[in-house]
């Protein structure tokens, strides 16, 4: 596909270029603090930038009239509303986490909790020493599965670990652990590619990454 | 409940007595190489013995006309057929593994495989040094989920580890691992208790431990 | 050996009897809340009781004039001083943790810290849900290796896990983890047996379990 | 320092440039299949190339008359002999693995084996799916610690895992595991930097990476 990229020079933007290139997709437009570059009209627009660039991004999306994948974090409610409005016209995928494996971890955790509601549950996460918030946003997503039940959640900060999350369930006599280990940022770029392939088949609509990963599988589950 | 036990003096038999006693169930009949003991009529019969005792066990079940839980391993096809015939009259639960957690592991593995059919898969198991067969029977149950696909499966024999099983799935950039750790044989006795509670509500029928664990949950899945 | 046991009916006391019996040692004296039992003079006295029984225990040790192994926890400074005084006459091994593996973990941790003083360090422990203190006493022993440096230490309480401890060291680009997993209380009974064999060769002296595990190895290190 | 690099365009060569640049070292000479580039005389020469470039590399080292760090794998005995001869004049560090953590793992494994010679031992390694040899060279280095004793060693190939190695020791009742996880190739570049800093203080001599990591620590052990 021919794609445009907002935030091309950031860490995630660079990974997106690597992954899309390997899958024979062509970068034809980019926008960045360093300026704008255009070779031809994109079929889709990827946003890996910052909330500050949101207005420019949405006006580009309207101009090109193409689907968008929004991986920028820290969006405001107003931003989300603008995305939902745009989604009436062209499809949008928006998520704060484009790792397929984390989506699976969340599903497996929900499924286990439904079957073993009375077992002990504990969450553990490990990230690089530069990450300051504890626990991670993903750990909070896992906690939300258990509603008001308080789940002991521990955090480790070690070297430059990309990100590990473990959910453990235990009865008297056995322990089940579900673990996800992100090995590189590349994972997130692949989730964005999968979202792009998904969204090109849609007319319009506002989608999460969970929709991308599970929609086609929903019948067989 | 008032229960009868065939194989009362074996390792698993002793754990069954411990767990059932804690849950206010009363042993009223036992049969063993050391002989027969009877206090009153049992409501259910548990079999934790050896295939050699199968004929005696089935004749006791007919005599008492009660549901049976069969945890004996190494049964013949003929034995299974006799159980199925008896199951037309009174309910039977038969399994080679009464750990709830292993049932969950199998379900999570199936679910992950459906969603990530193209990811790498590897299985690993660790047991005590006295276990001679490699890989474990449970590892083979996990392999079966993947049909004809050959799954690299490794075995470790360390000290007196009760039994660990791990299934790992990996894409480029991330790894998901689902692990089960049995901490003691007690786990299996608890699975037998759960089966007993399940079967007492049935009129008849031949059930696996998977049915016990998942039947009541099937609607909400 | 012929041994005496104070606290014979406790959980650890029972394991001591199992392990010593397997190694052809004979219980010839026991003292308990249920009373005193004596078949012949013991060559050594094992204490797996409570601080409340300390005075009785020390008077028995004096009476028999034999080496003692003290596994009772929660001793006062006064108790320890009495043990040290007795140790001038006959040898004493006193420790709060008789697991050989934990001694190894402590050694490996010290060794790694000497070589990688600038790496990140984190400690994690998991125990059964009935353990109320966090972190475990063993985790505190590990923390002490790092002196005044504050080490992030996390605790999980899951099912009936006997006790896991992990120390992780990380630089940018790699992680080393040293993990100890206790599979059963039997481990501690074996440490007591090893201590008994050690102490029978001594004239007198006050020893820790670290001395038992490492003394004979110190020359070859 | 001002350094020269043979094999500058390879994966490891690029990481060397990143790490050395961050530590204010300046690339002043490079040699590659793409040709030779020289800005000024290097103080040290790093070799991250292939055995085919060995002759050119050694002649460059003689020309510059500087210490060399050789990270090229698959060298012949003849190559090693030439390095040893050159080492009479100027210092050389040669190794097939420049990860500090792996050196620590080897040391901890030796130390544990000395203390627990009778425990069960098992080795496990996991690498990316593109690695074809099983077990890894590093796993073989670990096996060598145990001499003629055969150590069960398992291999997993999952996604793009950089490289994990685990050595487990077990007695009846406990398990100790020592694990190393390489998070990125950067680790190896940092080992090369450490070797460069080490070798600049030497007059001459042939050194392994083990010497680099442990020499200065040997007194305090």
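Chains here go by letter, A, B, C and D, matching the order in which they are written, and residues are numbered from 1 within each.
Here, contacts are C-beta pairs under 8 Å (C-beta built on N, C-alpha and C of every residue); 3 or more make two chains touch, one makes a residue touch a chain.
All of these numbers come straight from a predicted model, not from anything done at the bench.
Common neighbours of subunit A and subunit D, listed by label, are B, C.
Annotation: A-C is the more contact-rich of the chain pairs B-C and A-C, by number of C-beta pairs in contact. Both subunit C and subunit D derive from one sequence, and where they touch, over half of the residue numbers involved are common to the two copies.
The centroid of the Cα atoms in subunit C and the matching centroid in subunit D are 40 Å apart. Subunit B and subunit C have Cα centroids separated by 37 Å. Distance between subunit A and subunit C, defined via averaged C-alpha coordinates, is recorded as 49 Å. Multi-chain contact residues of subunit C (touching two or more other chains): 159-161, 171-175, 183-184. Those residues of subunit D lying in contact with subunit B across their complex are 119-120, 122, 124, 129, 152, 154-161, 168, 170-175. Residues 159-162, 183-184 of subunit C are the ones touching subunit B in the complex.
If you check the complex, the residues on subunit A that touch subunit B are 99-101, 104-105, 107-108, 111-112, 114-116, 169, 171-184, 186-187, 190, 213-214, 217, 220-221.
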